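Each chain carries a letter (A, B, C and D) given by its place in the written order, and its residues are counted from 1.
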Amino acid sequence: MTLDVLYFAWLRERIGLPRERIETQAATVAELVEELRAREERYAAAFADLRAVRVALDQRLTGFDAPLAGVREAAFFPPMTGG
Amino acid sequence: MTLDVLYFAWLRERIGLPRERIETQAATVAELVEELRAREERYAAAFADLRAVRVALDQRLTGFDAPLAGVREAAFFPPMTGG
Amino acid sequence: MRIVVQEAAFDLGAETAAFAAGAAGAGAVVTFAGLVRGEGGLTAMEIEHYPGMTEAAIADHAAAAAARFALTDAMVIHRFGRLAPGEPIMMVATAAPHRQDAFAAAEFLMDWLKSRAPFWKKEFRDGSGAWVAARDSDEDALKRW
Amino acid sequence: MRIVVQEAAFDLGAETAAFAAGAAGAGAVVTFAGLVRGEGGLTAMEIEHYPGMTEAAIADHAAAAAARFALTDAMVIHRFGRLAPGEPIMMVATAAPHRQDAFAAAEFLMDWLKSRAPFWKKEFRDGSGAWVAARDSDEDALKRW
């Protein structure tokens, strides 16, 4: 499947880009993260501690066990600090 | 002693004046209220139910058992409804 | 701390802006405004107060709120006299480093103003006025502090 | 309900006045404003957001607040981009017949915005930037609702 993957805040800075389009066979967010980690050191560094990472699928917050079937956009970012 | 007595809201309306200067020997607020009640029907009506009346001595909220010694201004009014 | 009791209208927007400008170091600013509700055919409201006692009592209570909630600033404006539906009756503003303090102090001030500040409201409908009765819920609200 | 996510500055006073004018029937209006604190030599703040998700998520949550607290209206304005000390970062406004609902809804919205709305803050001091870490207290604040 083709997926738009977005990165925000320090994840964006560590990985070095705000978004990319990837081809993946990952069935869940966790599998996608494993694929990304395996790519390059900067991805491994960004996803080193998943307790500090949040994920949204098609702009809805979800967990790392969420399935990717039918999803078009996945976003990774640190805990939010708005307000 | 000479005392300025003030009335607010419906106490003012029932008694028919906003303030008056009186001579009294009352030792407490309760005694003062008894004196006022004995004066005229409009005072008796205003002070008919003391649960609906609050009192301030020299601009501080207090109770009906408070002593009047040294006090210059007594005010009677219904429960406050500000804001 | 600015405490104002006045008959004239005040400008809620301008007062909020000026308060926030003076509280820039604080981080969190909360305002509350009470407006005259035109419900049930209300045509006007009249507010009576106790000149002399009112400002002093509000100032005392605002100082207590500032100390209790670590405020950097607080403001209370309260009108008296005749007001039309939609007009602001009063406003409270609080500034603090943390939002929880700013919110709690504003609520603390409001709960007190509703039941202990010497103001009395009279509502006019069809040409006749009726004094607003104190509400048990306002008295209860004060007990939580 | 007005939900705005914008880079441009907004006028806290004018927004408060306009919101209150539109909420005249409500009786109680609460506003919260978050300002950039210039503490510890902070020279600027930069706010990143998730375009598309941000406004939709805020609108969803504001609708939930409106239903839960019987609001007559609610408003959220949140900026992104670079901000200087003293500038308003964001504001929330709520209107309700009763002050308790207006206060509770504003706090409910703030607790959510602080920990669930897709915004990230970076603080600049001495020319170098550092991302603001999420605070446990903000996460805890959300749990009370």
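Here is the rule we go by: a residue touches a chain if its C-beta (ideal position, glycine included) is under 8 Å from a C-beta of that chain, and two chains touch if they have at least 3 such contacts.
Quantities reported herein were computed from a predicted structural model and do not represent experimental measurements.
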{"item": "Smallest number of contact steps required from chain A to reach chain D", "value": "1"}
{"item": "Rounded Å distance between chain B and chain D, as computed from the means of their C-alpha atoms", "value": "48"}
{"item": "Between chain C and chain B, distance of the C-alpha-averaged centres to the nearest whole Å", "value": "26"}
{"item": "Distance from the mean Cα position of chain B to that of chain A, given in whole angstrom", "value": "72"}
{"item": "Junction residues of chain B - those touching two or more other chains", "value": "83"}
{"item": "Chain D residues counted as touching two or more neighbouring chains", "value": "34, 99, 110"}
{"item": "Pairs of chains found to touch, sorted by chain label", "value": "A-D, B-C, C-D"}
{"item": "Chain B - residues contacting chain C, complex", "value": "6, 8-10, 12, 56, 59, 61, 75, 77-83"}
{"item": "Partner chain C, residues of chain D touching it in the complex", "value": "11-18, 20-21, 23-39, 85-86, 88, 97, 99-100, 102-103, 106-107, 110, 141"}
{"item": "Complex interface listing, chain D residues touching chain A", "value": "34, 47-50, 52-53, 56-57, 78, 89-90, 110, 113-122, 131-135, 138-139"}
